[in-house]
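What follows is a pair of complexes built around chain A, which joins chain B in one and chain C in the other.
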Partner chain A sequence: MNNIFINPQLTAMYPEIFLGIVAFAMLLMGKRTHNWKIYTSISIIALLISMVLLIRFDSSYVSYYGGAFLISNFGLYFALIMIVSSLYVAFSAGTTLKDNPEVFFATFLFVNVAMIIAAFSMNLIFIFIAFEGVSVGTYILSAYGKTRRNLEASAKYFFTGIIATGFIVLGSSYYYMATGTFNLISGVPEKGPMLIALILLFVGFGFKLALVPMQQWAVDAYDGTSNPVSAYLSSGTKVLAFFILLRVFLVGFSHFYTDVFYLFVIVSIITMTYGNFAALSENNLKRMLAYSSIAQAGYLILVIAVVSGSSSTFAFTVAIFAAMYYSLVYIFMKGGSFLSVSAVRKDKVEVNDLEGIGIKSPLFAVSLSILMLSLAGIPPTAGFFAKYYLFLSLISGNLWWLAVIGILNSAISVFYYLRVITVMFRKNDSNEFNLSSPVMLPLVLAAILTIGLSFVIFYYPQLSSIVYGLGVMGR
Partner chain B sequence: MFIIAIFLLLLLFAILSFAIKESSWKIATLESLLILILTMVYGILRFTGYNGGFVSSYSYAIDTSIGISFTVGVSALSMALLFLSAVIMFIAIFVSGREKFDRSFYGLMLTTELGLYGLLISRNFLFFYVFWEAIIIPVFMLISIYGGAGKEKAALKFFVYTQIGSVFLLLSILTLFSFYGTANHVFTLNMSKLLDSSFIIKYISGPQPFWTDFLLFGFFFSFLVKMPSFPLHSWLPDAYTSAPYPVSIVLAGAISLMGGYGFFAVLLPIAPVIGSGIAWAIIILGIFSLVYFALVAMFQTDMKRMMAYASAASMGFISISLGIGILSTGYIAYLAVSGGIFQILAHGLIMGLVFSSLYIIRNTSGSQSNLTLSGLFREMPIISTFFLAGIMASLGLPGLAGFIAEASIVLASYQVIGYIIFFIIFGMIITASYHVWTVQKSLNGPYNENLGKLKDGTGMEIAVLSFLFIIILILGIYPSLFYHMILVYVKGVF
Partner chain C sequence: MVTLFSYAWFIFLVPIIFAPVSAFAGWRKKVYGGIVASLAIAVSFILAVLVYFNINNTSVPIYQSFNWFGNINAGIYIDHLAIIMALMVSFVSLMIHLFAIYYMKDDPRQNIYFGETALFTGGMLGLILSSNLLEFFLFWELVGVCSYLLVGFWFFKPNAASAAKKAFIVTRVGDLLFIIGLAILYSLLTSINVSSPLSIPYLISNAPKIAGEIGAQNLTIIGLLFLGGAAGKSAQFPLHVWIPDAMEGPTTVSALIHAATMVTAGVYLIARVLPLYSNATYIAPDAVLFVGAFTAMFAGTMGIVMNDLKRILAYSTISQIGYMMASLGMVSVIGDSVIGFSIYHLVVHAVFKALLFMTAGAILIALMELRDVRRMGGLWKKMPVTVTLMFIGSITLAAIPPTAAYFSKDTIIDAAYMYYIRSGASIYSVLPWIFLVIGALMTSLYTFRMFYLVALGKPRSKLAEEARDPPIIALIPLMVLAFLSLTLGIVQYPFYNFIHPNTIHVSVPLIVKYTPLMMVVIGILVIAGVYGTGMWKKMDLSKNIVYRILRAKYYLDYLFTRVIAERTILPLSSGFARMERGFSRDIEATGSGAMGFGSMLRRIQNGIVEYYFVFLIIGVAVIMLILEITGGL
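This part shows the complex of A and B:
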């Protein structure tokens, strides 16, 4: 007898189903209580349980639903780190909410459902739906709050976002035209429509990663939304967008690696250079961090350039490992630095408003300094090891010139990251800071993890063994 | 294991200095003195009857699949520089007692020393790079928090310059690693294995000459920035001037050794790969730095700035010595390279003496300009004498440490580059003239009464400076103390 509850196709969906049920239950609870502490704890517990459910199920390399759903350790890894980023943000999100916390946290859980689905999808329709789930959820999250700036940021994000959606739909249909399927693993496709699909899908998915020239929304949206939401937009959803780019372009376009290579090399160079130079002259702290995350996205997509541009297996393994490791570190260093902006009691925070914090709270200053050094890629922080593996893959893939460009960029970026550090240790008593524990805790946690994650490199053999789960043919 | 114990003890001391609030100066001084004594004991125990190569070799494999291991080994080169950094750190921390610095200052100073020790004992390129980079962070903090006018700009300039240098170092390391892995199907970051000229000739410079240039460019660029050599020096005057004096002592004595260490620990083993064109280029760069910095120093009125340039000028000798070592063979090469290594040691010790006596002068008189200072011998005879001794050592007076190094390099150079050494001599003459001129203006002559009554250095300061001077003197009279083991090491490497 075939019991539906132990049907493997359904067990694979347990974490998503569970989170969905909790989210609906939360909306129902909204009539009884508006206490944000309850909702925060429920969401955290639900996310932890979903992590357990994810780890529990069989994560060997199996595919379901006609190849649309691929269960692999690689997807599992990304699903887990996206949930970790949600957990990280959930800790500090509650304090900033004025009303209806249940709607915020329910939306938050729905976003996580979509993220988990995206992590296992191998089909453009699945990916599209999951991606839209995340997008719609984050439109709501970024509009949260009553000020005009929140709404403005959300509106900008929304209007540019739906244009990107249109590109994805159009790109997917061209993809179907070329291959006759929405599955990412397909036969040899036709060249013409496939190249159109490449450009359209790149615009659609690259939008969320804020690659140049689709970057401007990010700066405004991060600047306008509340700090936990901008931390989430720049950590969790960015990792998701990066993961989808890896899947779609490395698996779906495996017959067109030359085109993928040129596209991503050009975009990556422009993106990191633009991000770094724009950040250099930016005085607004959040906008500076937003530009820096644009630059970081430029480094991240170098991975796609390496994999598509070199045939070396070693370069492939190191590149995908770099992608996995960079994403994990990125969540904490970027999320932590956005959350630290809450320490200044002001609406528009300038870099100079951090003056004097090093004397009031050395712990805060040291923690933020660690995050900044990590973003700049200075050892012994985890950010250095992430860049180390990235550049190692570039060198072993014979792309030395790309490594030089990347490394010069990371040297330029040192300027604006270190400016934050020098400013913090200046003497100034006039600035007022909010150094309560909801602000301090996530920051200190991020700093500790940023140092501690350096030791993950010792697990390189274990982690590098799961890179085949990306699904690239023949690797 | 002895050296790892010293390293771990230093780590503990650095943490302690950050933690203990009371009398942080005293504790830090004692800690750095203990490290100095232990380092000397270690040197005596392990380096009597030294036969070349590495002692205290120890390796702990962390990840074999990608070649990361914690590998330790100490050569005569590292030993000389470990001694130098211990002495300089002790002096710098000791003299800083003249000002009120807080505990994090001493914590950062000891962290710098920790980084130097880690760099000097590492034989794995990953750790080498991590320490190489990590040293910049505490020095950056020291300048940007405790420095004088323009400290933030200077600290940022220092960081960005050295950071750009180091990232190219990283690229070179990755290139070596990647080629070694493809050639031997074993991934390793072990410095002894990667810095093997026969491997580089067979697998890199033979089939792909471009990558050799790429590799050498990265190494040279990063080491020349740290040295600093012309034209990559513009961080130097600002950093030295804006840094508080104890940090200037560290910059001139200990941080400057990093460039030289890179030259002799990384580039010397692969010298057969380096073409004569590159060797000539660095000789010319060295000579140019020597003359140019000496000329610039001559026109400085701020004595701290002047000595900063003087320090950079004498680092020119190190570039020259490596270039000569590559171009020549046998005895001349040994002479040049040993002279270069000895120069790092001598230069560091001498700069320690110069900057610390200048610090005491500046702290009591409130001035470091040779326009206002004059006739200091009347008020501060003892400290003035130490300053004079430092200056004399710096200009290469026979009988003091600096002479031995400069003499061997000039002797060897004459055999290789012939009459071009005229330019070296010219640089040395300029150096001598402005050194003597400075002494004349600031120490001799009528006393500038506007400075008022001045107090000479305390007994402890005199004792510590005498200790430093005695080392310089011993190395000048009996250089074999270090010269012999350096020569044995150099013979082993070539």
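This part shows the complex of A and C:
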């Protein structure tokens, strides 16, 4: 007799099922209480338990549901990163909610369910569904608050998101046309439809990553939504989109992505340059961070450029390692800096509104300075090591000219990151700040982690072994 | 193995430790600063005496070192040469500190002064006891910094501030040469796998082997670079220009640093590594000899025409150090005995020059810092004790028998004659002797001119008429020094043999032996003729070309500041600055260009979703186009 509860096809889905059940339970609880603290703690505990469940998986290279679901260390790593970013955001989201916190947190947990599924999917339909689950969830989250700005941001995000969905569906159908399957691991298909599918999928998934020319929703959406949601949009969902791009291109298009090397290079250069230059003259703090997040996406895409542009195994391994490490560091430095905006009691926060915070709360100022230095890639922060491995992979893949462009871009970005730091330590008594623990704690934690994570690189051998779980064993 | 931490370490550690203590002790009650500093140096002196007896009994150098970093061992190395220097420095420094308690009594910042001089003394003793040339160099820099601080001690005087800078910058030229020499020596010795390349005991005892392995030519280059460093520190031609300006500091500083101790560090450096010179080609020691001998004469000529009391003494110091250098340079012909000649003169000079400077200090206090000798005169009657002490210093400086300098200096001059005879009696090798003899004449001329103008005749200013002796108790250190400068001659040969066993006796023809003395007599006669008769008041020398050259100090200051600094380096640096400005203007243009570009990019972000879609479609079309062009599609 097979017990259904120990059937591996079911146990593999335990974290998702658990989170889903908790989410529904929360909706029911909404009948009784609207206390956001309860929901915050429940969702944090639920997320922690789901992490434990994830780690309890047999993380060997096993696939279920006819190859649609692949349990691997690589997916697990990204799933954990995304849940950590959710945890991080969940902690500070509660205070910003005026009514119905249970709906917010339930939606939040549903988004996480979709994320975990996306992390292990090896099938375009699975990926599509999971990705849409995340998208729809985040549309709702960004509309939360119901002010005119929230709704406008959400509407923009929604409309452009729908276009992206269209591209993904179209790309998937071209993929099916070429291969006869939605499974990412397929035989050697025709070239023409595959390349069209590649471009369409790249555009579709690139939306969430806010690559130029798909970046325009991002600045408005980040600016319009509440700070925890914009932190989440720019950290968790961005990592998800990046992860899916990695997986789709390195697995699904493993025979073709070398042909479109210049696509990645050009998009990456344009994205970096656009983000950095636009951030230079931006005075609105959140929009500046949004532009900086666009620029960071450009750096991330460099990884795919290395993989497609060089045949060196070492460069490949280092590039994937850089991608993994960068994602990990990125959620803390970007999420932390977005959450720090809440410290200013104002609706539209200018960079200059941070004046005087260095005197009121040196801890805040130092923490944010660390995050800024990390974003700019200055040692000894983890951001430096992330960029270091990224550029190392470029150089070892003989793409030194691309590395030069990346480093020049980093140099430009230093300007606006350092500007934040100098502003903070100026004297000004007129600004009012909210330095309560939901604002301070995530920020300080992020600062400690951005320093502490630089020690992760000593586990380079262990981490780089996970790279082989990607599903491209041949290279 | 546990080595006992030798008490000899405290010879230099005590003053360094007590430097801040004395600065703080003098915070409330100023006089404590001087007392603490003097006590610390007295402890150093007593320790040095103990070490002296220890070494004298066992004749084994004290050598303790620990691994500092890499293959550099730091520690102390005390042989006969080092302990003599340490005794001299701690003793003279103690005397000067005691006098400084009186001299600085009205200065509001005297605690700082004593902190700095104690630190200086510690640094100087550390330099002397160093067992490694790198450690030596660090102390060398430390005393340089202290010299800078103390010359500029009265920094509110613009002259003092600029003199401090000049002293620092000029010696920096020498230090640069020194450290280049160190670097070359280090890299050469590392390449032949020496375990501790810069260790002084190693360098001394293995000099012939080193010369064999790295080549005498390389050793010559190193020797010349070390000479550059020594010339900077010891104010030898052409790096002597800083000392006369350094006289702007307090007079006790001039006595301590610019007469007795720090300026002899260069001599000590060359004496310390003399085996390297004797194993190099003849060029290195000859360079030392000629630089020294030439400076001895050259500085003396300028001393004759100076009117500033302290500057006369400064040029005299340069000249006397020239004798010490010249003596060391004869090592290639006469052998290692020259260390004894040189160090003996060094010690004697330290004693009488400290004495002279401190009498000058006492006079300057009485005359309210009036330093022009033409406005003094007749002071022997006004301040008899001080001027008598100055008289003793002066006859010692002029080397009249039986003062100590007669023995020390004439030995060097005779050795120069011996050098001439032994190295084949050529015109080239007679030059040092001629230089040194002329130097003796110059010494006599400027010494007695100075003494005449200060002490004899009638007072030529109101201040000079009202001058009074300082309290006798303040002059006790000076009396001790005066006693020593009269009697040190007794220990001449024991001293030589202590430094270098079996020192040769210099024997020259009688006529040569008395030449320097005749020079002194000629000098006295000339001065008596010119100044004793009052003729000098009628002489107008301002048209005389020689006088003008001497007054302008051979135009060396002009050469350094006008020609080299203002005509060469300044235009060069302003050219660079212009380039830099252009560059930074370009950078600024880039920055504002980038900002403008960024604002332009942000204009795309206008918040209207329809435009976003248009932009998106164009973007996707462009991506397709790129793929078409790059040949993917």
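To be clear about the criterion, the second predicted complex is superposed on the first by the 473 of 475 C-alpha atoms of A that agree within 3 Å, B and C clash if a C-alpha of one lies under 4 Å from a C-alpha of the other, contacts with A are read in each partner's own complex, and residues count from 1 in each chain.
The rule is simple: contacts are C-beta pairs under 8 Å (C-beta built on N, C-alpha and C of every residue); 3 or more make two chains touch, one makes a residue touch a chain.
Since the structure is predicted, the reported quantities are computational estimates derived from the model, not experimental observations.
Student: After the chain A overlay, clash or fit between chain B and chain C?
Tutor: Clash: chain B and chain C overlap once superposed on chain A.
Student: After superposition on the shared chain, which partner residues are touched by A:D259: those of chain B (first), chain C (second), both, or neither?
Tutor: Touch partner of A:D259: chain C, not chain B.
Student: Could you look at A:F425 and tell me whether it touches chain B, chain C, both or neither (first, second, both, neither)?
Tutor: first
Student: Once the shared chain is lined up, is A:I378 touching chain B (first), chain C (second), both, or neither of them?
Tutor: first
Student: Under the stated touch criterion, which partner chain does A:S437 make contact with: chain B (first), chain C (second), both, or neither?
Tutor: In the superposed model, A:S437 contacts neither chain B nor chain C.
Student: Give the stretch of chain C that clashes with chain B in the superposition, choosing among 38-46, 56-64 or 164-172.
Tutor: Only 164-172 shows clashing C-alpha atoms.
Student: Which chain A residues are contacted by chain C in one complex and by chain B in the other?
Tutor: Comparing the two interfaces on chain A, one with chain B and one with chain C, the shared residues are 415.
Student: Looking at the complex, which residues from chain C come into contact with chain A?
Tutor: On the chain C side, the touching residues are 591, 594-599, 601-602, 604-605, 607, 609, 612-613, 615-616, 618-620, 622-624, 626-627, 630-633.
Student: Can you check the complex and tell me which residues of chain A touch chain C?
Tutor: The contact residues of chain A facing chain C are 155-156, 159-160, 163, 192, 195-196, 199, 202-203, 212-214, 216-217, 219-220, 259-263, 266-267, 274, 276-282, 412, 415.
Student: Going by the contact rule set out above, which residues of chain B touch chain A in the complex?
Tutor: 62-63, 65-66, 68, 104, 126, 129-130, 133-134, 136-137, 140-141, 144-145, 152, 155-156, 159-160, 163-164, 167-168, 170-171, 174-175, 177-178, 181-182, 211, 214
Student: Considering the complex alone, what residue numbers of chain A touch chain B?
Tutor: Residues 314, 358, 362, 373, 378-380, 384, 388, 391-392, 395-396, 400, 403-404, 407-408, 410-411, 414-415, 418-419, 421-422, 425-426, 457-458, 460-461, 464.
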